[in-house]
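Two complexes are shown next, each including subunit A; its partner changes from subunit B in the first to subunit C in the second.
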Partner chain A sequence: MTHAVPRVDAMKPSKPGPTRTAPPRPPDKFPGGGRYPAYLAFGACGAFLMISASLLTRGIWALGNGEAAWDAYRAGLGHPAYLVYHVAAFLGLTWFVLRLFRLFPATQPYRIGPLKRPPDAVLVAGLYGLFFTVLAVGTLFLGGAML
Partner chain B sequence: MSEVKKTIVVTRFDPDKDEVPKTQSYEIPVQDDWKVLEALNYIKDNVDPTLSHRWSCRMAVCGSCGMNVNGEPKLTCKDPISSYGDTIEVAPLANFPVVRDLVVELEGFMDKFKAVKPWIIAAKERAAEEGTHRQSPDELADFKSFSMCINCMLCYSACPVVSNEPDFLGPAALALGHRYNQDSRDEGADERNEIFRDEGGIFSCSYANECTEVCPKGVNPSGAIQQAKLNNVVDWAKSFVVPRRKSS
Partner chain C sequence: MLKLEPVIWGLFSGGMMIGGILLPVYILVVALGGGFGVVDGQALGYDRVFALATNPIGSLVLVAAAALPLWGGAHHLRHLWIDFGGLKSDGLVGGLFYGAALVGSVYAVLAVLRLHG
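Right after this comes the complex of A and B.
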């Protein structure tokens, strides 16, 4: 659990030195300033990922249990609480992928397997292409257009 | 060169007298081509010789002069004073115990540094008659950016995980370990990956990316850690198919 007060043993040496030291301070702008709110929001979006993954698992289970189970699952998704959740999850996951896709190219190694990494623009275009494809397929599937 | 007055608010701490750090303001004339370090040196030389701060090369190579300037970890020899307003707050690096004024305790950092075995590990010593170890430009490029670290510790100061997980090895140490794992001359990846996967290793990183944002040398420690995570997951998955080699 992250909190604004650092542990006094942060970066403490294994053997105490000869001089008394003042305890460490937390990063000055943590948690509300600078780039930290974006990081915390990014982490908080993990809740949407977890809940959405559970819903998806339930959908797959329903799909394997016959038409009645699948129709009941889809009808359940039309409940107002689910609709509110879907809007929040869509906004949260969109925010999540925007940040992830911005950071992703910098995490790629110089070579990916035997090939040199493609230019950042190609990587980002590929990621957005994948995101919109999954979004479109998911929407069509849950909307009943693909079954 | 134009000269203006600026107020430098410096954190002071004397371990013999002070219970907690306090601040002290100095109004000094500064030239607009100065770096923040030059303002501190001016104070030390002309106003208050008791001020303690670390510096050496003045050209962003030695990594000694890292401090928090207006709340952001900066290499003060590289940080133009003209980019700030009339008042500049200079504090010791966050997340480190403070020895005196702007000087922080380095031993904790050195302990973490050594933990990742930042040296070439070879299964056997190379005989002199075998000649030099050849490395292609592509093999060098696999790790070169990670070897540019100057150990300035700005990444530790910015990292929110370092504040809260004392065991976390931290950005620079993990990036350096990954640098050796990527080196074609090295055979110690299995040993280092065990350390990486342990408590306080790569999976403690929650990808705040602050280390990469503040790095003055473009090392990208968070990129190194994410690559190391992927390598370790692939290594773990492979272990179900191919028996893992025993570490030497």
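Right after this comes the complex of A and C.
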């Protein structure tokens, strides 16, 4: 029994012309249904990354300006608006990075270098462990409880 | 441009990873602990923080924590803009986000270099 060989140019237009494509439109449940709210919140955490990094840079700059500038920077962080922002940023970034780690195994190849990829649960547990270890050790160290 | 692609993706993914791991420590200790007055004043005093920041490892951590997250954040916000129908203005908006990340990164590197000058 022979099979017909499909023609790869079966949809070829008779003459050259602009490609007609439907205009892009959002999926049916976008943005409030299904998994889209979490997906969009994940993307919106980019604002926490940019703003928090900028505030950190401002602090480094103040540090370079001397003790009075550094103390003024620290005193400024006690303003209610900063406190509210930083509570939200801490919660948002923690959720962001834990979600990133949950998605991480799906982005990895079957083999990582010469080794077979570990089971997804092991990979995720390792990344969670890394995050909470850095958070705990970093907090103790920077907070003066270590050294 | 293709040769630069790994570098660019490295900035985005590094920004997400580094930002997500290091920034919560800064926020928890300096911004919230200091802001609420929970952390000992001496721990965040000028002399100790300056010594930590001018240590070679400390300087590297600061540059990474202050510069890389800007790229990860810019990438996410650009795509959020596209998701909400901003494809036509992607060139302008993407340029603004990545431009801000570039300016902020240079500013962060200069801020750390100033500590050593």
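The rule we apply is simple: the second predicted complex is superposed on the first by the 95 of 147 C-alpha atoms of A that agree within 3 Å, B and C clash if a C-alpha of one lies under 4 Å from a C-alpha of the other, contacts with A are read in each partner's own complex, and residues count from 1 in each chain.
What we mean here is this: contacts are C-beta pairs under 8 Å (C-beta built on N, C-alpha and C of every residue); 3 or more make two chains touch, one makes a residue touch a chain.
Predicted model, so just to flag it, every value in this text is computed and none were measured.
**Q** Between subunit B and subunit C, whom does A:21 touch in the aligned arrangement: first, second, both, or neither?
**A** first
**Q** With the two structures laid over each other on chain A, which partner does A:12 touch: subunit B (first), subunit C (second), both, or neither?
**A** A:12 contacts subunit B only, not subunit C.
**Q** Could you look at A:29 and tell me whether it touches subunit B, subunit C, both or neither (first, second, both, neither)?
**A** The first partner, subunit B, only.
**Q** Should A:50 be classified as contacting the first partner (subunit B), the second (subunit C), both, or neither?
**A** Second partner only.
**Q** For the three-chain arrangement built by superposition, which of subunit B and subunit C touches the greater number of subunit A residues?
**A** Counted on subunit A, the partner with more touching residues turns out to be C.
**Q** Is A:131 contacted by the first partner subunit B, the second partner subunit C, both or neither?
**A** Only subunit C is touched by A:131; subunit B is not.
**Q** First (subunit B), second (subunit C), both or neither: which does A:109 touch?
**A** In the superposition, A:109 touches subunit B alone.
**Q** Quick check on the output: what are the common subunit A residues between the subunit B footprint and the subunit C footprint?
**A** In subunit A, positions 24, 26, 30-31, 42-43 sit in both the subunit B and subunit C interfaces.
**Q** For the complex, which residues does subunit A have touching subunit B?
**A** 1-3, 6-7, 9-15, 17, 19-31, 33-36, 39, 42-43, 103, 106-111, 116
**Q** Any idea which subunit A residues touch subunit C in the complex?
**A** Those residues of subunit A that touch subunit C are 24, 26, 30-31, 40, 42-50, 52-57, 59-61, 63-64, 66-67, 70-71, 74, 77-79, 82-83, 86-87, 89-90, 93-94, 96-97, 100, 130-131, 134-135, 138-139, 142-144.
**Q** Spell out the residues on subunit C that touch subunit A in their complex, using ranges where they run on.
**A** Going by the criterion above, the answer is residues 15-17, 19-37, 39-40, 42-44, 46, 48-50, 52-53, 62, 65-70, 72-77, 79-80, 83-85, 87, 100-101, 104, 107-108, 111-112, 114-115.
**Q** Per the contact definition, I'd like the list of subunit B residues that touch subunit A in the complex.
**A** By the definition above, subunit B touches subunit A via 13, 15, 18, 20-21, 68, 71-73, 91-92, 94-100, 105, 107-111, 138, 141-142, 156-164, 166, 182, 206-210, 212-213, 220, 222-223, 226-227.
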